[in-house]
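Going by the order they are written in, the chains are A, B, C and D; count residues from 1 in each one.
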Amino acid sequence: MNANRFKALVLRTGGTNCDLETKVALEELGVKTEIVHMNSVEKKNLLEYHLIVFPGGFSYGDYVRAGAVWGKRVLAKLRTQLEKFIEEGRLILGICNGFQVLAEAGVLPGNGVSETPSIALANNSSAKYECRWVWIRVENNETPFTTAMRKGEVLRIPVGHAEGRFLTGSEEILNELKRNEQILFRYVLPNGDDANGLYPYNPNGSTYDIAGICSKKGNVMGMMPHPERAFFGWQLPEWSGRPPERGDGWKIFKSIVDYLESYR
Amino acid sequence: MRMKVEVRLKPGHFDPEGDVTAKSLRDLGFPVSTVKVGKVYILEVEVSDRKEALKLAEDMCKKLLANPVKDDYSIEVLSP
Amino acid sequence: MEVYAIDLASADDNDLLEISREMGLNISLDRMKYLKQYFKNRPPTDVELEMIAQTWSEHCFHNVFKGDVVTEDGRIITNILKTYIMRATRELNKEWCISVFEDNAGIIDFDKGYAIAAKVETHNHPSAVEPFGGAATGVGGVIRDILGVWGEPIALTDVLCFGLLDTNYEDLPPGVKHPRYIYRGVVAGIGSYGNNMGIPTVSGAIFFDRGYTGNVVVYCGCIGILPRELYVRNTREGDFAVLAGGRTGRDGIHGVTFASVELTEEAEELRSAVQIPNPIVEERLRRAILRIRDEKLASGITDLGGGGLSCAAGEMAYRSGLGIDVDLDKVPLKAPYMTPWEIWVSESQERMFLSVPEKNLERIMEIFQEEEVEASVVGRFVRSNRVRVFSKGRVVCDLDLEFLFNPPKVTRRAKIPELTHIEVNLGEPRDLGEEILKLLSEPNIRSKEDVIRTYDHEVRGCTVVKPIYGDEAGPSDASVIKPLKDSWMGVVISCGINPFYPDPYWMAANSIEEAIRNNTAVGGRRIALLDNFVWGNPENEENMGKLLRAVEACYDFSKALDAPFISGKDSLYNESPLGPVRPTLLITGVGIIPDIRMVVTPNLKKEDNPIYVIGLTREELRGSAYLRLKGVDGGEVPRVDKNLSKKIIDMLVKAIDEQLVLSCHDISEGGLGVAAAEMVVATRGLGIEFDVSKIPSETRRNDYVLFSESASRFLVEVDGNKSRRFEELFSGIPFNRIGKVVRDIGLRIVDSKSKICELNSSDIKKAWRGY
Amino acid sequence: MRMKVEVRLKPGHFDPEGDVTAKSLRDLGFPVSTVKVGKVYILEVEVSDRKEALKLAEDMCKKLLANPVKDDYSIEVLSP
């Protein structure tokens, strides 16, 4: 298997700070990865890439609202290309601040782009920044981001954010997410049972314990936990003797590569 | 036209920044029970029609300044 | 244009003091008189006087450390920094020390052509006045120290000392803010800056004590990494001086002179001396600086910290053996109507200063632009030894650098205080289990998880041993990061701080040993040290005497334990209406571990494995958590036995490398009783059973054995199959097998056959973690 | 007593957040020349005297809500 054929674009802007470790994870799986600043993205042809990642950080200093300014910049600069990109079924992954960006750009949870956001990632209900390892359960393993896992499997991945409380504009939107199986990850108890909002298992008070969702077609995904911080076994919070080879975050990146393999 | 937009969390949404501010004020000895925090934007908009300006500001709120899922906003014309 | 000539020539002593006060210079009369003499032919401008005040401030020049100290018996010690701290490093002469005490940070060798840079700063005064902004800019400043040696910042540390959170308002004099207010603001400020920058805050400590009510102590540290060959310091004549980053404003004016002012009611007005943080600007600045480094475009770099542009420009020119011309009109401003002296000394944040060869200027500006960093050529390095500053085409400052960097020496008197012996009179409590639980929940000992989790300690994905260990969130002795993708080598970061031991010499000795011990406990070795003194007014002879004792210990124990100092800082003059700060010395340890997969953690691994205690327990409880809990002062402070300590540390490293040690925890605050309980906190389903009578000890009172804070001790779980080898290694050293790992019990302590106490794990965890 | 405090940058001060917001609005096609950003605090203060409340709010601004180096503030009583 040679993933070298695949190219990923990791976007960044002032305040992005998880681009390097995201690149490390992708390259570890053989994906050619370029980090490109928003200021020079116009020189790029997005359709040369198979995956675009919006990594974590504090883009634009979280001015206005976390993810808002970057989200709108993306719309202003890349809208047409991005719509094409999504239309063609290529993959977009937003992690943490990247998820906030996709929400603010209206790319999630819809199909394509919408001007006004219908979901929000609001302040954590703990009123604090939360840096902790959480348990998330795979709700749908038939998307490009989740094929390397079992449905119902519990993954360990850390979160690090102050604004990650997933909210929808209405009950309907939530129901639609459920109906379309767009909810990929939910915060759960260590034994895999629903967290039902219980802190700190649900670290931010997200509606329906939602940790990550995908678009209707499934090729755009946003999640608050950081898979790139749970990629190598030695990153795990606890191991005895030698560390395991890999962490659970690896499975998300592996799914992406598997999907690209099968798709091409 | 100079406009003022205020963006605040919808009622019922908790406001951690407000809570922290309230605590700090109390720690400093002030008799404050609650604090809510919002943002004010003073915008210079390049249109001369008042109505149009209001419409534009409304649109700016929807598209950038507020997230309708959690924010309320109010708009005011300050000066022509 | 607002530049004034200051008439010193006709000023009498009173006038001189008045000028110093009025202008906020904080220059002593002696030095004002010296200036009067120096400027007898022409009056200095305000810009010049301000520059002199910044450069000669305690903060920038370390007058006390570099001056003379006269002891009661007539000894004169010149430059205690050189005489003690730097001498230890020089004599140890480690080939892995690349740059020490010179640049913005200490630099030591690492792996694969890379080096590690480390620096720790204090930001006490700003944090007392403006807790959030003060602490945040403390972090921002120390990050720039790392950028200032071309390092990529990879980890942050913070050590904080506050007054008691339940202090009564009535007990606070005017001008002193409530510890809870300060605590909240400082913690938020530190978290905010590090999180926004995407640098993990991996290590630290928090203390609460009355001695910090008037003077909060905020230490911020940063570790960085750089390719050795990219450590460039080669400023040449004709190079451009480039100022990059945030704009210059009126915030942080007189920060350094303010740093030596007593915190009184008027200090409230001094909020303007505190800089305003904007981490997003520094984030972009970091990107730009690292790209410039990698493309080798600049010939030199330094950060703007204390004294702002005036110090950065002056120092860079002086250390390059050149002069510099600076044009203030080129400095981008963020506030309107700034006068030349304000621009020259403003300490606005997020700024760096570079020297750039002409041929690279264009490329550098291009990079700054791509990264959305404002940058401007503000001057040029010239062949002279003067600093000349222009404003609106006029020279507003023209000073000789030799004069500027050789201020009149300061002499301080030191009186070494006798520590009076106090007999301890304390009944032995009946229930020692109860005492352990009380100690575990004591604010200085209990978990700091609620703070630590508000700091991102995982960002960058390089944190191997986190500040709180595992799912049970137990205590870690030191944090480990893995900075390079292609190397298994890790950086081990620890600290040692014992402000409660009333003897300054042993306080320092214990802090040094503790930093090393913590480092060793996870597998660290080849440890470099950083010293950070926070002291009261050194013009007080006793304060100075204590300081002298502490630096003496620094020499003795750095030398004996084979751990050189590479950097540090002193913050003196920490005074408030409540008196001087509790003298506090933070020692930061930066070690390495050849392979991070070998780290040792504090959680128990397997039932029936033997538990050993290494080291000798003596009746040393003065300043211990136990006696403080009892409200008792007396007895002996812990003393460090140099030879024994060295042997134990070396043997433990050997035992770890031979994989005999499965878990390990250093014994410090709260003694052996607390250390054992803390290992249980970190563990699920297992506990410890041990026999106090087996502990190698010079006291036989059980509470003393359990809670004495004697140095050089560890609790260790050893692989059951390898205990023979372990015992062989430690032969000749006081140690003993005291018990074993057990299932389903938290902590069971017996004395020979009779049971002393039994605690279940959930009570232990609840006491320490609060849940 | 419910009070409203608005904190804004003093005139002439550089406002990076305002600049970013303005740029973003222009990106979205809005004819906006400048934006200044400030904060609003809605405070519940536990005093019943209007004058005293105003004095307290003033003090809160000086001690916490505003930074004297760069911020102006205005205080308003919303309701008794």
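Operating definition for what follows: a residue touches a chain if its C-beta (ideal position, glycine included) is under 8 Å from a C-beta of that chain, and two chains touch if they have at least 3 such contacts.
What you are looking at is a predicted structure, and each value in this text was computed from that prediction instead of being measured.
Annotation: A-C is the more contact-rich of the chain pairs A-B and A-C, by number of C-beta pairs in contact. Per-chain Cα centroids separate subunit A from subunit B by 29 Å. A straight line joining the Cα centres of subunit A and subunit C is 37 Å long. Centre-to-centre separation of subunit B and subunit C, using mean CA positions: 41 Å.
Averaging Cα coordinates per chain places subunit B and subunit D 10 Å apart. Shown for subunit D are the residues in touch with two or more other chains, namely 16, 21, 24, 28, 37, 63.
Across the assembly, subunit C contributes 278, 280 as residues in contact with two or more other chains.
Residues of subunit A found to touch two or more other chains are 60-61, 64, 68-69, 72, 128, 162. Taken together, the touching pairs cover every possible pairing of the chains.
By the touch criterion given at the top, residues 60-61, 63-64, 68-69, 72-73, 75-77 of subunit A touch subunit D in their complex. Those residues of subunit D whose C-beta lies close enough to touch subunit A in the complex are 16-17, 20-21, 24, 27-28, 37. For subunit C in complex with subunit B, the touching residues are 169, 177-178, 180-181, 184-185, 188. Note for the complex: subunit D touches subunit B at residues 6, 8, 18, 21, 24-25, 28, 30-47, 56, 59-60, 63-65. On subunit B, the positions that touch subunit A within their shared complex are 13-17, 19-20, 39, 62-65, 67-70.
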